[in-house]
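Letters A, B, C and D mark the chains in the order given here, with residues in each chain numbered from 1 onward.
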Amino acid sequence: MLFRTDMADERRDVYRKANNLEEEINGIECETEELQDKIRVTRVKILDENGEQALNKKKGNYITIDVKKITNLSDEKQENIINIISKEIKNLLNLHVKEDEEVLVVGLGNGNLVADALGTKVVDNIEVTRHIKKYCPEYLAEDERAISAITPGVMGLTGIETIEVVKGIVDNIKPKLLIAIDSLASRSIERISKSIQISDTGIVPGGGVGNTQKGLTEESLGIPVIAIGIPTAVETAVIVNDALDIFIGKLQDEARSNEYLNKLKEEDNYNEIKEALIPQNYNLIVTPKEIDELADDMALLVSEGINMSL
Amino acid sequence: MLFRTDMADERRDVYRKANNLEEEINGIECETEELQDKIRVTRVKILDENGEQALNKKKGNYITIDVKKITNLSDEKQENIINIISKEIKNLLNLHVKEDEEVLVVGLGNGNLVADALGTKVVDNIEVTRHIKKYCPEYLAEDERAISAITPGVMGLTGIETIEVVKGIVDNIKPKLLIAIDSLASRSIERISKSIQISDTGIVPGGGVGNTQKGLTEESLGIPVIAIGIPTAVETAVIVNDALDIFIGKLQDEARSNEYLNKLKEEDNYNEIKEALIPQNYNLIVTPKEIDELADDMALLVSEGINMSL
Amino acid sequence: MLFRTDMADERRDVYRKANNLEEEINGIECETEELQDKIRVTRVKILDENGEQALNKKKGNYITIDVKKITNLSDEKQENIINIISKEIKNLLNLHVKEDEEVLVVGLGNGNLVADALGTKVVDNIEVTRHIKKYCPEYLAEDERAISAITPGVMGLTGIETIEVVKGIVDNIKPKLLIAIDSLASRSIERISKSIQISDTGIVPGGGVGNTQKGLTEESLGIPVIAIGIPTAVETAVIVNDALDIFIGKLQDEARSNEYLNKLKEEDNYNEIKEALIPQNYNLIVTPKEIDELADDMALLVSEGINMSL
Amino acid sequence: MLFRTDMADERRDVYRKANNLEEEINGIECETEELQDKIRVTRVKILDENGEQALNKKKGNYITIDVKKITNLSDEKQENIINIISKEIKNLLNLHVKEDEEVLVVGLGNGNLVADALGTKVVDNIEVTRHIKKYCPEYLAEDERAISAITPGVMGLTGIETIEVVKGIVDNIKPKLLIAIDSLASRSIERISKSIQISDTGIVPGGGVGNTQKGLTEESLGIPVIAIGIPTAVETAVIVNDALDIFIGKLQDEARSNEYLNKLKEEDNYNEIKEALIPQNYNLIVTPKEIDELADDMALLVSEGINMSL
């Protein structure tokens, strides 16, 4: 199944729609909480192998925080969002490490590309303490956590796979938990730079369950990995697909469809149209023109949320 | 007619297709030249009011240079592109000013947004001479042109319309010609950061013929304006539109369309679908993920082309 | 007299020391206020021609705010500094314009050089309203002030003198007052990026009283000019000079000086040493290694202070 | 001995002057070559423990390339400099690895501070091949070297010592040689961003011979380390010191010195003056105002030199 999204709650929606499910997917639990300032928290839990196969994501917790507005916030509203992010991260942290155990924060992605820079932007603002704890422990409370933070770069610029860089450092400095921040693909334009997914299952680029080699996961690194992802773009193919689905849907509503079209929609099979529209070798995304500023605003909220949770 | 592109040659295509024209549009001339390294130069000339109304652009010359590849070029290929750009600019310059007359280069757009930064990037690399000519003329050849360059910013950040800033400076320093560089919208993904449109008709934001108030044009500024535009994005609505057109086209080819669909396509009337897909208040664009690097490469070529032509 | 500083209070100190004055300089008033968080406000008032000649600065108010610490401030301390800056600017504003009269903010300097970027950094954060007041007045309170903001660049990059750019825009959009922000030279390393000078006499590059042509002043622009300056560097010659003065001073204290040295110190005449040390054609400055970060912190405080005052 | 410089040839000068040596230092060899375009290459070789102790640097080769002009170079002159840099790096490479053995390039320093950003700027422009050799070897010549490149950041921002990051990655990906690029302190203002030191002894922050723990050296990493350093600043204390030395020197020349001053100069003992001038907790540097642009120009030359040598 082609989800074209990294967000667990969107995959759940796609799966249920594709299979015409009214009830919950077997092996999945999901709950939604509406908070003040129109903030929504969605908690998807993948319970077993059945859930893993349905969503093609690993067993564990996936929490999504959706924020309607992130620019020009009052101090108060900003604090509210940071608190919510912090609380959700803290809940996952407490499942995996003690209060004073060392954490390494990793900002993934290419800091030179605006659509891929969120990881490095967040890390720029993380308050590190590991060196103080090591060399000047008198400046920290005794039970304060050692925190370090790196940006490993991307393979196209370093020649090294991210996992190779991170594994080398993890093996050498031995933190007890990793927090990895990355840009994600979403299916929803409204979520770009306005949604945060927090999970405790690591990051598997490409997202496959079987593909455990290259991801930043407990299997590959030997320590638990909390992944924080922020959608920065929607694939152009998603927009084309959705347009055609809505189009046929409307024809159906108006009884102007025909058998051929109905079948086409069922099969989600618009590849020829996408090929005609989207030149090969292009990595095309749909993004707001103001993504640069939205990303700055979001990076501040997430980094402060992480700082507070640690 | 909704062109959804700032490129004169694309408007010509759209107009001819919409009107099922085989021959040239009345009031338009067009020629295409294929050069080495797969570089194509298209020259659209709008001759009269009829041409103006057809393309909703002002009378004058519109030259488009399409380059297949702009990254990782050899020095030689890079020089070739710069030479071609320079020659086309020079041709237009010679129509309007003498070799030693003063030119002001203006980089439009918001330098903080990657999809809008091309104007300011180009200006950063312009070799200015006006202050040398004024204060240390002994360092310049006697007939060398005075060149100055500014980035007026965008109204959302300055509170001032671009024309107000530029008119104030033009009235005060009195150059004989303006070169304005701006980011453009194209209908073609393959042209993003790989195409340059050079015209001698000024820049009219929104592109309407009647709308002469706000544009940077000879009417508003009192001096000729050469506009250099580079496509940095395609409107998302264009992608949706084209997808639906291709879709119905395919149904028609396969004799699976019906009267209703045929009419729909004729009318280019997919607004409901676009509204369902694209949230209002969003300024959504389709762009390559690597637009940051493509824009840097393109800005270098264009600025060197301008420097050489001056 | 060579002051080697743009700060009025430092010039007053230099003048009094050079002339062994115990009492106040004729034509000058000065008062100092110590506020909480070790913030000091110094108010130098140049009353007449005598004061002008002593300090080689124009008649008017020069307020300096010194802040001990500007990085990693608590929200509360940050707010305190912003309030103080805002209050001082507001006092000067009220001397020259009404509450609802239009103001243009101008960020001077070269945004690409860290030691010269403060003006442009501050302007990036100014809340402009002029375009809203002009096109959507319903979104502003009726008596709200129109505010605009520009960065005219530097002559080396634009080919145009700053005054030419600013005068053109002022003549065209007709604000009632200008606020100009610039980087300054100080004599004190401790003031780098930690001090703000606010004056209502405009900015005269080079600082001479007679030199009224090129400055941004009421004379040249026709409207009052509030200048906000922040020291970002100390000239290397100042360090050399001060080192030699302290050195001879110490010799004198220890009765190891001689007539020759005493005379040398009197005359402040170390040019040969400076020539031997400092290569010509170099624009050398002494600056903290962390000037990039200090400048960001300071720009935020000043821009918020301006926003609040307007 | 306090050298206040990281450049081996400057240390040699300081040592010889301090010890009034006419002949070469025991355990040191030095030769100088003058090339076209006023480029000078100085080769200091530390032969044994005696040389190590004299210069407080490790045994090995230290080559310094001095370039008079690095901005606005013609293509030809630029190529000439790149060739010279490349040749010197290649000579050292050939002493330690075979033509096809893997190399890791490491850009040290804080990319956010202009005076410390040269390492990261150079790495941004390194052509990496390791991932191609690993995953698409068909795109590389068979004997082409695998090259990778990282920027480990600084401890103040990561919480991790540079050696810990680099050692982790080296142990994991096992290159055969490391090239480390860093900003250096020089004693000469004229060398700022115009000189390159290339050595095969690694980088020992603080430069001590005994201090082998924390440096990036063959001892700590297990592979040879070529260090490429570029001066970006002079310590302010050096300027003060040199000013006082020149001052007393002049007094001596004019027979106006006295025994006390002569002794003072001998002992290089101006600490009180430096303390009075330079506030503690300040990391003050002397640097050209245009260091941002000089650093960009230099980074390009060095990165191209490295690319060509590899």
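Just a few scattered comments:
Going forward, contacts are C-beta pairs under 8 Å (C-beta built on N, C-alpha and C of every residue); 3 or more make two chains touch, one makes a residue touch a chain.
Since the structure is predicted, the reported quantities are computational estimates derived from the model, not experimental observations.
The chains that touch chain B as well as chain C do not exist here; no chain meets both. The chain with its C-alpha centre at the largest distance from the centre of chain A is C.
Taking the mean of the C-alpha atoms as each chain's centre, chain A and chain C sit 46 Å apart.
Averaging C-alpha coordinates per chain places the centre of chain A 42 Å away from that of chain D.
Measuring from the averaged C-alpha position of chain A to that of chain B gives a distance of 37 Å. Touching two or more other chains at once are residues 112 of chain A.
If the chains shown are joined wherever they touch, the resulting network closes on itself as one ring, and no chain has more or fewer than two partners. Every pair of chains meeting the contact definition is listed here: A-B, A-D, B-C, C-D. Chain B makes touch with chain A in their complex at residues 112-116, 189-190, 233, 236, 239-240, 242-244, 246-247, 250-251, 256, 258, 260-261, 270, 272-274, 276-279, 282-293.
Listed in rising order, the residues of chain A touching chain D in the complex are 112, 124, 128-132, 146-153, 155-161, 164-165, 167-173.
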